[in-house]
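In what follows, a single structure is set out as structure tokens and then discussed.
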Amino acid sequence: MGQEIDNIVMDEPKVDEMKKKNKKENASWNIVQVSRHPKRPILQDYISHIVENFVELHGDRYFSDDKAMIGGFAEIGGQKIMLIGHNKGKKTNENIERNFGMAKPDGYRKALRLMKLAQRFNIPVVTFIDTPGAFPGLEAEERGQAEAIAKNLTEMASIEVPIVCVVIGEGGSGGALGIGVGDRILMLSNAIYSVISPEGCASILWRDAAFAPDAAEAMNITAKPLLKHGIIDEIIEEPGEGAHTDVKTVAESIKTSILKNIKPLQKLSIDELIQSRFEKFSAMGKFTVNK
Amino acid sequence: MGQEIDNIVMDEPKVDEMKKKNKKENASWNIVQVSRHPKRPILQDYISHIVENFVELHGDRYFSDDKAMIGGFAEIGGQKIMLIGHNKGKKTNENIERNFGMAKPDGYRKALRLMKLAQRFNIPVVTFIDTPGAFPGLEAEERGQAEAIAKNLTEMASIEVPIVCVVIGEGGSGGALGIGVGDRILMLSNAIYSVISPEGCASILWRDAAFAPDAAEAMNITAKPLLKHGIIDEIIEEPGEGAHTDVKTVAESIKTSILKNIKPLQKLSIDELIQSRFEKFSAMGKFTVNK
Amino acid sequence: MAWFSEAITERKKTKKDLWVKCKKCGSHIYADEWKKNLNVCPSCNYHGAITSYERINLLFDKGSFKELFDNISPKDSLNFVDLKGSYKDKYEANIKKTGISESVVTGHGKMNGIPVVIAVMDFRFLGGSLGSGTGEKILQAANYAHDHNLPYIVFSASGGARMQEGALSLMQMAKTCAGVARLNRKNIPYVSVLTNPTTGGVSASYAMMGDINVSEPGALIAFAGRRVIEQTIGENLPDDFQTAEYLREHGFVDSIVNRKDLKDYLTNVLSYYNR
Amino acid sequence: MAWFSEAITERKKTKKDLWVKCKKCGSHIYADEWKKNLNVCPSCNYHGAITSYERINLLFDKGSFKELFDNISPKDSLNFVDLKGSYKDKYEANIKKTGISESVVTGHGKMNGIPVVIAVMDFRFLGGSLGSGTGEKILQAANYAHDHNLPYIVFSASGGARMQEGALSLMQMAKTCAGVARLNRKNIPYVSVLTNPTTGGVSASYAMMGDINVSEPGALIAFAGRRVIEQTIGENLPDDFQTAEYLREHGFVDSIVNRKDLKDYLTNVLSYYNR
């Protein structure tokens, strides 16, 4: 039934083949492991490597300063930007203070405030995505986690400066997308970006979280298929076994890629920029168009 | 020293005369008493008398639905408006739920949301002011009472539809002004509008709250001097002993005055409207200009 | 996204009976009476599920509704297979079962004489999940409203994003919100009606972005699932947590309106639009 | 508005001494050292009061500051008389005492080469209260920034609105914010620096509306007075309640910056402005 509106050919394994495979050791699951590696570089690592002048700004102007989401003025290779990103920690106390990079509504509202400030100052926004997801807690629901994310998705569509997003680790669902609506979406080669965690998907569709590797593979959460599907624009290759084996090199690659991607966006008029961002997201998704 | 930039002549009593007066029975203090009369009509009374179709809307989209501040679509004499106002109660339980008309930041943010909605729908905003002041509590400070009021003052300066404000009872300080930046400011003849409560002023400048009547008189908090000083534009006369003696009549007067004042504003272009509102508030204040 | 399988199962149990058992109060109601009462329990006002077309019939002036974009249906672009089989088999079965081709029906027509564009989600179709086809239809309808200067109303009923489409479904959140953003910039009213349930990615995108957010009584409106939160905070949640009433209290829903009153409520609200 | 009389009294006590006693930690510091350290306690980093001109000297490149609107002073338009006498006598004494004509000094100049417009409140003048003259100067400076496309910086230090001018002083909150609104519409940066104390009507108007809100350490920033709140809620408040640090925690202050670093901080921030 119906005509396919896109020409992307997936070289997915056939169902029979999948059933034969050892589910625990597929390529996607390996990448999930790397993306969650305890030594995986976090935003603060990249800031210390590539940011020349970070003026951190605080607060959403409504309720709090969410430490799971940081941002401020920054300079990268002479380019002034508004830097915004999920703020995971490494040590236990850091992770508690930063809530493991799971932002509350306050974090998303702070991010939006800084984007509007970037608009006022006329500098590009660069976001760094690295979160297991938005915080699933009582106070987050109570203060409008859904509203905060939804508002960012809506407002980011109209922010009148270039937005470049970089997925550096875990791109967990709506919590990732909440700072992920941009003109260019870059992604580290061992990062993931997914509608639901592999464990969550497995526990629903396989009725057992142990099938997470299967879910990871099935959902196409790694950079290569996401590039094919038009969800990201560019893959930033990590060296060796992953970013944690050579932070300096991967930081430099991120910097180069950001600068390269900002440049052409700065040549667009505001109308062109907004229109092309709208078209970019309008084009996302694969569906059947029936005659 | 200096040249006076305005020509308003105040017929205030001289200092000596004031000292002779019986402070407890001055005209201002009498009006304070009427404005706080337990049977003084509240916003809900006027709504039931003059509003034909009230669609109450709820919530600030951040934290709560503050019951001390209400608002929604309304029709007055065929004119569609966004109605917003402080919501005092009469019975004890009402007053507890509505916090005696003392709004929290959530109330001011809800008011602003509704004003922006009015702007989207292109209908005038009419606000009703009746509050002892913004709520002075821990949670209000914590959630940014100052920010919420300040933001309303700033944003109301740029709302692109006519705004008419009516002071119907107590116009208590920043909590009143937080919904009081408009193109036309109307005031009931027994309402008050003041920078600080007479009691508060007396306890600071007279070191005794019992001097509230003196403070009330000294601060010019009643409609007539406020009209002279250009702070309000029109006095709506109350019948007999005050609005509580004839709610229906005063409600009709309010309605007539609102409709009369909206009309010319609707003929202005957006630029003219914003510019004239800016000029109106720019002109407020009396100071000396030295040569 | 965990709710819908459960909910579907419950619905199936009562489907072919002459009686409907109210999920909330347990009353048994004649199927006819249930239907006549718009799938609302006469005892406790529980608002049961309703199909897209039933909803449309309730809302639109007779004969005025024209469906749009009904040529769009899902696509299994990931060749997604889970324990129960392929996504393709699943959605094809859903198309057959429901007679609609995606989890939302879109179109335009008149409500009490007022022309509007509408999107009505259908929970029967894969739990109302937000797939690429869903997002496309919701965006196209928004664009139609934009281009024709018509108010836009979306009725949500959804378990969230459709995970069988991977991140493609996640992106529908951004895509649909981009449509809302365009309406905002043109000052075209957008009213969101949140019905039971509106959860996950749908709550965190267009459903929460109405100029006015309306809900039916008792509707579950949630970003994270109740059980996930209980695990996170290790304590029980308030009884009314994540209900429409709770959300109104916390500032995210403007009004809670009974199903039978929604048509008049919506047109009353839209009568204030003055551009 | 209750704070300032008290604060002034305390200042007077130490004014003519060779020693300054730190209000926070009680250390005795040589007046010379205190001054050299910009009125900041070397022991506990308490940021003491500083006059407008001292502040301006700290901030502006040598010889670059030009004062504007210094012809404006208060007016006793209500013929206000309280127990201690008339408002007119009070402000005239303040003009004599401070050598400035209102509670704010306005002007323009260069900070590290960057041209800016500035308003610096002076707590010595009637407790930095917001009178009509204050509001007028702050608005005029905003208009100057607007017309010349220059960033605007306001240093606040105030007990709140000036009640001796009645509602006229209240209206200065709206008037100054209208000036901020115009800057916003033109995308001209506005930075607010909140110093000790910034309270009442000043906190609830321009002081809280910075694109960036900066504060000096430990500054009291409050809408309602501590005692009023304690009466309202009938319990004690947290120790750091209404400090700059508390406000940063709650999302209302971007950065807390030591006095000596403020010039570089502000010009660094403004270096990001790209219009």
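Think of it as A, B, C and D in the order they're written, each chain with its own count starting at 1.
Just so we're on the same page, contacts are C-beta pairs under 8 Å (C-beta built on N, C-alpha and C of every residue); 3 or more make two chains touch, one makes a residue touch a chain.
Computed from a predicted structure; not experimentally measured.
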Which chains does subunit A share as contact partners with subunit D?
B
Starting from the Cα centroid of subunit A, hunt down the chain whose centroid lies farthest away.
B
A-C or B-C - the one linked by more C-beta pairs in contact
A-C
Can you compute the centre-to-centre distance for subunit B and subunit C, using the mean CA position of each chain? Integer Å is fine.
41
Approximately how many whole Å separate the CA-defined centres of subunit C and subunit D?
52
Using mean C-alpha positions as chain centres, tell me how far subunit B is from subunit D in Å, no decimals.
27
Using the touch definition from the top, which residues of subunit A touch two or more other chains?
61-63, 143-144, 147
Please output the residue numbers of subunit C that touch at least 2 other chains, ranges allowed.
184, 250-252
A full list of chain pairs that touch reads A-B, A-C, A-D, B-C, B-D
Seen from subunit C, its contact residues with subunit A in the complex are 1-2, 5, 71-75, 77-84, 86, 92, 101-102, 131-133, 135-136, 139, 161-175, 177-178, 180-182, 184-185, 200-201, 203-209, 221-225, 228-229, 232-233, 237, 241-242, 250-252
In the complex, go through subunit B and note every residue touching subunit C.
53, 55-65, 73, 80, 106, 110, 117, 119-123
Applying the document's contact rule, which stretches of subunit A touch subunit C when the two form their complex?
1-2, 4, 6, 8, 10, 12, 15, 18, 134-138, 140-147, 149-151, 153-158, 171, 173-174, 177-178, 180-181, 193-196, 200-201, 203-207, 211, 214-215, 218-221, 225-226, 229, 231, 277-278, 281-282, 284-291
Touch list for subunit D against partner subunit A, complex:
184, 187, 189, 211-212, 248-255, 265, 268-269, 271-275
State the interface residues of subunit B toward subunit A in the complex, per the touch definition above.
61-63, 105, 109, 143-144, 147, 151
